[in-house]
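First, the structure itself, so that you have it in front of you.
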Amino acid sequence: MTAKQHSPTRDSQIGEPPAGSSSAKRPSGRVIRLGRIDRARRSSLDILAVFVVAQVICVIAGLAVPGKFAYVTEGNIQVMLQAIPELGIVAIGVGLLMIAGEFDLSVGANYTFTAIVMANLATGYGVSPWLAALTALAFGLIIGLLNAAVTFWLRIPSFITTLGSGLFWEGFTLLYHGAGFVSFTPTGAFASATSGSFGFLEVEFIWFAALAVACGLLLHRHRLGNWFYAAGGNTTSARAVGVRTRRVKTIAFAIAGVTAALAGVLATSRVNSIVPGQGTDLPLNAIAACVIGGVALMGGRGTMLGIVLGSALIYTIQDVLLLLRAPGFYLQLFVGLLIIAAAGLNQLARGRTARQGNG
Amino acid sequence: MTTANHDRAGGGGVTAAPEALLELRGISKSYGQVKALHDVSFTIGQGETVGLFGDNGAGKSTLVKIMAGVERADAGEALWQGQPVPLGSRRASAALGIEPIYQDGALCESMPIWRNVFLGREDTVRGGFLRAKSMRETASTILRSVIEIGAHIDPERLVGELSGGQRQAVAIARAVHFKRALLLLDEPTSALAVRETEALLGYVRRLRDEGVSSVLITHNLHQAYQVCERFIVMSRGRISMDARRGDISLADLTGHVIAQ
Amino acid sequence: MLRKASSLVIVAIAAITLGACSGNTSSGSPSAARGTLSGAAQGKNVTFIVYADQSTPFFNPVVDGARAAAKIYGLRLNVEYSGSTDSTQVNQIETATASGVNALAVSIPSNTAFTKAICAAHDKGIPVVAFNVNATSGPVLNCVLSFVGQDFEQAGYLIAQRLVREGKVPHGATVFCPVEDPTAVYASGRMAGANRALAAVGAKCDEVSTGFDLSQAQTTETQYLLGHRSTSVILALGQVPLQVAPASAKAAHTSATIAGFDLSTQISDSIKSGSILATVEQQPYLQGYYAVTQLALNLAYGSTPSDVNTGNEIVDKSNVGQISTLAGTIY
């Protein structure tokens, strides 16, 4: 590779940098040059800012008037560490898949079906809970792979495939099991590993954090992550340079399936019972968490940090409302409004960034 | 002026014919009833910039697609540096070093430049983890080599923030960096502003120094005449003229093309 | 007392059934034609429409009871779910009528929405029995032969009254009333009854929706209790919120009294251990069982169905062992 000489005349520039970009006159809002930080991750810094501000306000309020707002209490922190992972673990899988350009609406049915299989094996057939849980994860993987296979072989949008497969697995659960409760009461090491706590730290949260770190490394530091972004951002371009987009998306479908099953295992271990009809709002809540966290519906954008914070934020919204004694009947109303507001703010922030450097 | 003229090695050429890189013999292709290419044969040399002209439907795009491996010829064969090779798939062509350059650069708008440059060819440690620092630095180097646009551009910027011309430049720079042997450019300047066009052409001109061959499809004869050493004119699926720059004037070339 | 009467009815029917079955021969023979129960109603089609989603746990035992009765009388039972959607149920009733079903069992949660469809079936000579919830007034009542079910309002009143009588409800208190779906018929009925009893001490229900997901319900209840430290009574209006109430109370470090509705293995265990004070068992199994039995008898003998109140039994530590086995389908 020979070094290039400077061109003597400057008029052979390939165009000026586009108007409004970083080196041209810049609207006075964003003067800070973030430099090394992946520009695509700027949206996750926005959500981080929102999250931190929200938490700071809550903590201060909780410390100031603990009688009226029990935010900083052991009970609240404990339930937070148990509940966020239930949505968060699913959101990780759904988010990775969304970044890769596809959807999975079957995660709720997956979560329920695999948990029922596990509970039946353990309670009904005396199988070891570890083996039962592994079976659940295996079924979750199969469901994910089936979603991928149907999407690609039949060439239908994954939104439709997984809408259908979700209904299928819901119905199949009732066919296979009927409509009753199954108890699941593991003891010993399994119970500690899935629903215990190390002092303050709930085990569910450790699973969530570990999964977030692992998938975060995969997404941001591994070439597979690069392929996720490419497959979701511009499938044609990705294929043109030789990325095997179908294979990459299949891996993402598989991850979504396994994470849904894992969430089911942990939740069932926590409440010691499972019944069909669970998890019906899980797919949409997971998508909402991702969108709030900066994942684009169209694919190609998003960060692990954003997904984690989006899940935590949704949980925090409900928590704050209940702690503040918002009228119980209107809980859904408020949560819905706040989800829209949070996602809208995120879009505004992204719009600002994009407009600055629009080619 | 409609006689076919397969004059290749001309005594009056400015430079001697370069070593053959890709030779196509007897390539034919039909789409249903329509015969897009009739028995097309020609050779591209090392470091040669070839301009490909012809009216719409002449078969230029089809020929280029076959070279890229996106389409498969019905008949004919190809030789790469003298050895017969199959040109049946994108993967096969890519393995030889043939790279199509698209108008949008085949880049992903939502990703930073450095990730795009290394897409599919990531620099990794064992296990597949990215050597991000090294890739960013290399991307900077690549951008700087395309001096005119590189100086101000941070490899962290999203491709979506680049203009069309800049994107193509990035795509070309990527191809050069990864030592692609033959670039195929289909109407690269049609969507560009004047200054961007000049810059892109300047870059294409320098490819020869890198030892990279290229095929440039264009309607702008004036531009092509400045940049290419060889001109191939196609008409109705056949090559009607194949001349070196030294052997033909712009006026004659124009006349020939118009008369098709 | 009502329970004793109900038991007598069961015993009577069982005796007749056993007697009839022991004399069963092929349907072509004269002795069969003379009126063995199973012979007469054998093979007839009964459509049983549940006004709920297929996975709502409350109706499992109802359907089990219906199936058990259908099996005894040799009926062909077709169970359908309308998912709490009026238009779906209307369609299902009309389809059953048009396809010539022999008998129909259905819930009637509205005084007007189903009048046309049900009366059309009635006019065609199809016997209709209502179960689980009946209209309170209107012409539809004329098209229905009987109602088999419990009184949600009465159930709510009973349990709340028990709490008040035992002094568990402080004056003017707010009682935490979590429920899966506040719009469900059982929810509004139970809450109305509970509020009626609570009014005696100036207290009332604070109703919160928990959804059907056990884990989320536990989270929601815990969060509520953390925010409402002064809660002293939890009256869960449904099975899911009752089941997770003890764990929620524990997580929120509160020692509220817990009571509710419906029965499951875990609820039964919690009563035995004392973390749940009492629950109301509404014998859902009997609803399905009696409704189908009455239709079978009507088809076989033309006998007239009559209203059956399947009763509201308060289950606490004193009788939980016995009830668990008697109630039929416990999970």
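Here the chain labels run A, B and C in written order, and each chain numbers its own residues starting at 1.
Keep this in mind: contacts are C-beta pairs under 8 Å (C-beta built on N, C-alpha and C of every residue); 3 or more make two chains touch, one makes a residue touch a chain.
Computed from a prediction, not measured in an experiment: that's the story for all the values here.
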{"item": "Where chain A and chain C overlap in contact partners, by chain label", "value": "none"}
{"item": "Highest C-beta pair count, chain pair", "value": "A-B"}
{"item": "Chain located farthest away, centre of chain C as origin (C-alpha)", "value": "B"}
{"item": "Computed distance of Cα centres, chain C from chain A, in Å", "value": "39"}
{"item": "Inter-centroid spacing, chain C versus chain B (mean Cα positions, whole Å)", "value": "76"}
{"item": "Approximate Å spacing (C-alpha centroids) for the pair chain A, chain B", "value": "42"}
{"item": "Residues within chain C bordering two or more other chains", "value": "none"}
{"item": "Residue ranges of chain B touching chain A (in the complex, touch as defined)", "value": "90-91, 94, 100, 102, 104-112, 115, 118-122, 124, 128-130, 132, 144-149, 152-154, 156-167, 169, 176-177, 192-193, 195-196, 198-200, 202-203, 206, 209-210"}
{"item": "Residues on chain A engaged by chain B in the complex (per definition of touch)", "value": "1-4, 6-7, 10-18, 21-23, 35-40, 217, 221-224, 226-227, 229-230, 233-234, 236-238, 240-243, 296, 300-301, 354, 357-359"}
{"item": "Touching residues on chain A, where the partner in the complex is chain C", "value": "67, 69-70, 73-76, 78-79, 82-83, 86, 170, 174, 178-183, 267-268, 270-281, 318-319, 322-325, 328-329, 331-332"}
{"item": "Of all residues in chain C, those that touch chain A in their complex", "value": "53-57, 59-60, 63, 182, 206-209, 211-216, 218-220, 222-224, 226-229, 240, 243-244, 247, 251-253, 264-266, 329, 331"}
